[in-house]
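Note that chain A is present in both complexes that follow, paired respectively with chain B and with chain C.
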Partner chain A sequence: MAQPNYDAIIIGAGHNGLTNAAFLAKAGLDVLVLEKNDHIGGATVSRELEPGWFYSNCSYVCSLFRPEIYQALDLGRHGLEIVPLQGSVTFSQNGDYFGSYHQSDIKRREIARHSQRDADAAIRFDADLMKWCRLIRGMLLRTPPDPGSFKARDAFEFAFLLKKFYELSEAQLYEFIRFFTMSIADYLAEYFENDLILAHFSGGSIIGTGLGVYSPGTAYVLLHHAMGDVDGNVGSWGFARGGMGSVAAALASAFQSLGGTLQDSATVAKINVNDGITTGVTLTNGDVIDAKCVVSNLDAKRTFLNLMEEKDLPPKLVERAKTFKIRGSSGKLNIALDGMPEFPALPKGSPLTLGHMHFSDTLERLERAYDDWKDDRWSEDPYVDLLVPSQYDPTVAPPGKHMMSVFVQYCPVEPDGGWTSEKRDAFGKTVIDQIADYSPNFKDLLVHTEVRTPNEIENEVGLTGGNIFQGELTLDQLLFNRPFPGYAQYRGPAQGMYMCGSSNHPGGGVMGAPGANAAREILRDLKKPDVTPQDFGDD
Partner chain B sequence: MTPAASPIDFTRTHAPSPFHARLLDHTITQNWATWNGYQTPRVADTVASEYFAIRSACSVMDLTPMEKYRITGPDAGDYLNRLVTRDVTKLKPGRVAYAVWCNDMGRVIDDGTIFHLSEGVYRLCAQHHQLDWLLLSSIGFDVTITKETHDVAALAVQGPTSFSVLSAAGIQGLDTLKPFGITSVDVAGIPVTVSRTGFTGDLGYELWMDPEHALDIWDIIFNVKFERGLYDIRVIGLDALEMVRIEAGFIMPGFDFNTADTAVRADFDRSPYELGLGWLVDLKKPHYTGKRALVAEHARPAKSRLIKLILDGNKVPSGSFLFDREGGENVGAVMAQTWSPILKRALALGDITLRKGQVPSELWAEIYYQKELKWKLHWAKGTVTDKPFWSHPRRSATPPHST
Partner chain C sequence: MTKARSAIIIGGGHNGLICAAYLARKGLKVEVLEARNTLGGGLALTSSHMSLHASILKDLKIKLTSQAPVKTIALGPDGEHLCFSGNTVDGPEAARYAAFREEYLAYAKALGPLMLNTPPRLKDFDRADAMTFGKLGWALRFGLGEEAMREFLRVAGMNVYDVLEERFSAPLLKGALAYDAIIGCHVGPRTPNTVLNFLMRLFHDSGQQRVSAAATTSALEEAAGKAGVTMKCGAKVASILVQSDKAVGVTLDTGEALRADIIVSNADAKTTFLDLLGTRHLDALFAHRISKPRTDGDVARLRLSLKARPTVPGLPDSDLSQRLVIAPDMRTVERAFNASKYGEYSKEPVMDMMLDGRTLSINAAYAPLKLKEGWEAGAEGFKAAVLTVLERYAPGLSASVETAELMTPADMAEAFGNAGGHWHHGEMAIDQAFMMRPVHGTAQYETPVAGLYLCGAAAHPGGDITGLPGRNAAKRILRTA
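Presenting the complex of A and B:
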């Protein structure tokens, strides 16, 4: 079958693929996006598995998405609305709780209820975290420099990177290097004394990682989750109204309004390379589609090991792809509820159900949960990040009914003997039992439950190992090391082949930044005007 | 895990102060601010009537929200001397000293007053939350540091007739109490600590008591007005206080400059020298936190300075940029400003970049202001002063003036 010759083909209609495609289309290119599923979104997806309820099946909050991209693609007009999420709570086993209220005066009083000193230390903690946030945020919409390169642009980028450092005082620079390599438990110990508060603030640093609260590098992961903002409120997370699928839908709408073509149920088997030059793709049905460039939204492992032939790749790259750290560690339950569950530990009318809810009240329990995962078992006593977005979002459940999203840390890529549906259900039961320990009427309200282990996430979404970040967020895989040294500028080993997924800088989380950054590099190579947005800047 | 205290009231951002019942009666505007977790009037009646209560009669303000820490133990005095930049070893029991404290880089964390209540027993009053820093700083000292913000009710009674009002209320012995002195008195059987301190630059006192007796003391004072008709006494809010504290040249950490523990950007915090508080820095006393950096800084030309500026004309330079001449080069910005009714002048505190350690020879404020919603621009020349904008002999006269 004859196919038109495109300027660019994007493999995968995840949020980064769509962001990339939209900017290429905006620059006037003829762009085709190919999606293997019959629905778009990748991990930014909302599906109605029970009539009336719309789950955010994978990603579930939206705070990192770059406002520059939102603005540049006019996503508000394409239906995207991000509503700030309000607060968080950790329940403790003794019947008490710590509430991180969204109102700052109340939050302060609640910290002081547990520790007067911690209430004051929280001020220092917030200011210090903001220092590192500023630093990292300035790098999100930039292509990382190649430290081994002598190109003028790389030297300029490297200077920018250093300047960012030097805006810190020398003492702050040393602190920053410590911060990048510390465990969250060690980092928090420099601020807080209360066990419950320590457990509460450490949770964000293990989400999605194959690391525990005592593993070096987890302090950075906290930052990765905390650096987002909703309308300037740094650290606050948001819901996409209608679920995370709204992000993909708005991006797709923007892309199509710019003249792009979106084709679902089209699985790419291979990126075609002829004599080091990319010529297009071959689909699993045998169709060949030609294009001047091909952009993979797939993770680095899948991109290089599944879509490309080893003979087209430098051997070192094949090795890097094989050893790329992309261990899945997370599961997800999406639950349709007949009503709002009660949490009797909270006083009547408490606003704390509006935010994130957790049940891990000590660092030790968090570390034990990690121990289970290292033994290829799901955590018997998992860390969960539980949200009930239907309390704010009228579009995700029928009136009076609720939709619950339960992110679960940890869940192994493959338990002993592999996954079976019985094991998957047992994993789900572990999580449901934990929630029911704190909410006696919870089980009576269950209408439908979707249980997702790394196995389902890999098979449906295509994230290797079910790793939500498309690769671990450790220093060896960040900045100019992401995904591999020498390949951090979104260009693949063949001319005209690019990568735009979260395997690339600045990594996972629904940011859109890898997609936009890759578009900038592609447009540069094609000598087209840069239509990608500049960082708003922080000052 | 020890169960924590009973749940907080999440339905309001503030807790009621011990004086709340009376504040409610007096704050006829219901124009409230939240100050350190307490509800406090921004304006109780009108700013003008409150300002002149302070400068012409007697004002009352609930000071309970101010952060208060009790510091005791064998090393309490040594600890405080290590904490702050001035020498407080000579601070005798019954005396109060104003001080600032810095981090290791010599940048100001906060300012406050040290009350030497009795031999080895101190109270530190601070603008911001300091328990974390105070405890970090206490390593190696045999001291006990307790936050007592919520355990001590405090009332500021300030103005020319404050001595007369308190004497009429039955508080004896104030005639010999000098500025920065502390005395313990008995008021109708209630123990009250009185200090001759304040944030108004005028004659005034601060009363410290058990929260349980707060309303009784309040009523005893206000009876001088309501029952006996002797003197006018008015509750004031934060807006009037802002006017008089600027007149008196007092600074507000966190408002006039970034405190070192909250500043995110490098060099956005300030040293005592840059705040014009060099007189509080003792470079000769033994080691204290920030000393090494302050010694080094003292040897260099200063980079910036918080200056007191009197503007020509009658326009108040709210948030104005400052320039070295009309339409010239930007050299800084106004951090706090007021119209001074008693001086009939526009006053400002400005943060400016120095040139080779010197204040530019001219300073101009670019003032945007509205007339009937129409925005206008005015350039006002400023004059720098080192002294408080306003002071009065009654502030320090002992025995104090009766009016």
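Presenting the complex of A and C:
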């Protein structure tokens, strides 16, 4: 069957693929997005697996999504609404709790309830963290410079970064380097002393990583979870109304309104390369579709090892793709509830159930959870990030009922002997038991539970190893090293071949930035005007 | 004729002696004050490879007569052992290992401009700092070349576990290499940055010549003596004297006060600033910062006197006096580390050892400074754990033990006066390395107090027996003081 030719084909309708496609379409290109599943969204997806309940069954909160992209693509008009969510709480085994309220005075008073010294340190901590956030945020919508290149553009980028850094004082420069290379436990120890507070603030640093709270490099991951903003409030989190699928739906709607074509249930078998020049793709049904450029939203491992032929790649790149670190470490439970579970440790009417809830009250428990993962077991006593979005968003559950999302750290890619449904159930039970320890009526409310291990995430969404960031966020895979040294500027090895997934700078977290950055590079190569947004800068 | 400037060196460890010798050779009147009755400090604990940097041997005209180079033999649980010697290793992965060594030695060499100079400041740097940056940039970009530089920038922040997984398959080989990246520190193979540890150690790799600690100490003592340094043992410094915000001397625990133009501390940073100087002479932020570096030791030393030479199946008796490593695979090393994170000793420790006659000196990891149960209660259990592992490789060894002397990090801190009993006076990690060692604000050997300098392993480039902190500090003092 003859297919029309396209300027660009995007493989995968994840949020980055759609972002990329939308900007290319906006620049006037004829763009086709191919999605293997019968639904779009990749990991930004909402699915009705139990009638009446809509699960955001992969990504579950929205914070890092770049407001610049939201504005440039007018996603509000396309139906994306982010509802700010506030606060978080860690329950203690002794029946107490620590609540991190959104309102700073109340938060400080709550810290003081546990440690006056820590309440004082919190002022210093917030100010420092905000400084690092500002610095990093300015790099998100930029292409990382290549340290091996002498091109004017790379030199200019380096000069830009240097200038940005040199706005810091000398002492702050050293502190920034330390922040980038320290463990969250060591970093927090420079501010806080209370166990519960240390555990509460370190949780965000291990989400999605193959690292523990004592592993150097985790302090930076905290930033990855703290620099997002909702409505200009840096550090705040939000739910996409209707679930994360709304993000993909809005992007798809923007893309289609710009004239783009979206085709689902179309699995790409291979990217066609002729003599070092990309010609298009071949589908599994044998269809060949030609295009001037092909953009892969898949992770770096799948892109190069599954979609491309070894003969079209430099040997070094094949080696790199094989050793790309993309081990999954997280699981997820999506739960339909008959009502709102009670948490008796909280005062009656406390707003803290509206935010993130955690049950790991010491660094030791968090680290032991990591030790289990290192030995290919799921954590016996996992760190969970529990949310009940139906409290804000009545569209995700039937009236009076609730939907709960439980993110679980850690869960191995493959336990000894591989995953079986028994093991998956046992993993789910571990998590449910932990929640039930703090919520006596929880088990009675269970209507339906979906348990997702890295295995399910890989099979359905196509994230290798079930890694939620499309590749681990460690120094060797950040900035100009992401995904591989020499390939960090969104270009593949063949002319006309590009990458736009979270395997690329600045990484995962439903930011849309890799998609937008890749679009900028493509438009540059095609000598089209740049329609991708610039960083808003400091307010 | 002007009077020669005088300097007091607090501590007669190898870095103190080297710093003293360099200063005295330039005409300073130098006195070394050592609290113990012998010089050499922590040198006494090292049993295998001495690797004072070649430039020091040359500058101070030290000739160390070394015996045959030491090989490292990784003991295999099945009696199949693996012998490392220079760039070679037994077995099917020999070629891969040779390539790996060559590559990583090149990376280590590229660090040279940084290791051999005062760490440059990132802002307001002077000409010397600019030179160091320039040389480092050149070494990375042109010394290594484009491809190797990219790879270096990738692996520098990685953990040794992932790097070795990428390169090798034999568990024993990976275990032994990972051991070299972790020993002495509170890290496991999967801790990020351990590749940097490994590279810094490779930088010092001298082909593992064996020179006894005593011979090294007396060579340094002789070199210092020849340069005109006075060395006083049994002279314990109690405090550093400060007048008008300048260090002017020290007081001994006898109450005696000694004055000098320059005071150089070979002690670790916490001891220097918090004990000897006192926080009243520091601003609050600096005092806060200097109390934070990770300085808790995590290795114990066990010295066994044996009734007879042990026998290790599969190992010829002639190889018994090589450096023997027990780290059968990386997982075992990582699991051993797990325990120490929670204040427990490893139930299945990893170790390296040297046999001298019938004395077996063992470094055993992990043995955390702050053992939950306390070392008084835990010592016997840890000894037994080490012996249980040893017995597997050398059947009958336990029965042959006459005395077993355990030195925990707490004992080391007590014996050598270094806070925490850490081998390197503080963890070797990026956030405590280079211009951040021991903390920023005193990483250029100078301190916030005029006239006071650091010259020990707490300063750049840190631990192991390189002598570079002492040498670099002396050069800095001569240039700026």
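The rule is simple: the second predicted complex is superposed on the first by the 538 of 539 C-alpha atoms of A that agree within 3 Å, B and C clash if a C-alpha of one lies under 4 Å from a C-alpha of the other, contacts with A are read in each partner's own complex, and residues count from 1 in each chain.
As a working rule, a contact is a pair of C-beta atoms (placed from the backbone, for glycine too) under 8 Å apart; a residue touches a chain by one contact, two chains touch by 3 or more.
Just so it is clear, the model here is predicted, and its values are computed rather than measured.
Chemist: By the touch definition at the top of the document, which applies to A:P483: first (chain B), second (chain C), both, or neither?
Modeler: neither
Chemist: Is A:P216 contacted by the first partner chain B, the second partner chain C, both or neither?
Modeler: A:P216 sits against chain C, while chain B stays out of touch.
Chemist: State whether A:D371 touches chain B only (first), chain C only (second), both chains, or neither.
Modeler: After superposing on A, A:D371 lies in contact with chain C but is clear of chain B.
Chemist: Is A:A171 touching the first partner chain B, the second partner chain C, both, or neither of them?
Modeler: both
Chemist: Contacts for A:G238 in the overlay, against chain B (first) and chain C (second): which applies, first, second, both or neither?
Modeler: Neither: A:G238 stays clear of chain B and chain C.
Chemist: Would you sort A:H114 into first (chain B), second (chain C), both or neither based on which partner it touches?
Modeler: A:H114: touches chain B, not chain C.
Chemist: Identify the partner contact of A:G509: answer first if only chain B is touched, second if only chain C is, both if each is, neither if none is.
Modeler: A:G509: touches no partner chain.
Chemist: Could you look at A:M130 and tell me whether it touches chain B, chain C, both or neither (first, second, both, neither)?
Modeler: First partner only, chain B.
Chemist: If you lay the two complexes on top of each other, which residues of chain A touch chain B in one and chain C in the other?
Modeler: 169, 171
Chemist: Taking the complex as given, what residues does chain B use to touch chain A?
Modeler: Interface residues on the chain B side: 1, 3-5, 7-8, 10-11, 13-15, 34, 37, 105, 128-133, 135, 147, 261-267.
Chemist: Please name which positions on chain A make contact with chain C in the complex.
Modeler: It comes out as residues 147-148, 166, 169-171, 173-175, 177-178, 181-182, 186, 189-190, 211, 214-217, 316, 323, 325, 364, 367-368, 371, 374-375, 474-476, 480-481, 485-486.
Chemist: Mind listing the chain C positions that touch chain A in their complex?
Modeler: Where chain C meets chain A, its residues are 121-124, 146-147, 149-151, 153-158, 162, 166, 190-193, 288, 292, 294, 331, 334-335, 338, 341-342, 429-431, 435-436, 440-441.
Chemist: Within the complex, which stretch of chain A touches chain B?
Modeler: Chain A residues touching chain B: 92-96, 99, 101, 103, 105-106, 108-110, 113-114, 116-117, 119-121, 123-124, 127, 130-131, 134, 167-169, 171-172, 195-196, 347, 349-352, 361-362, 539.
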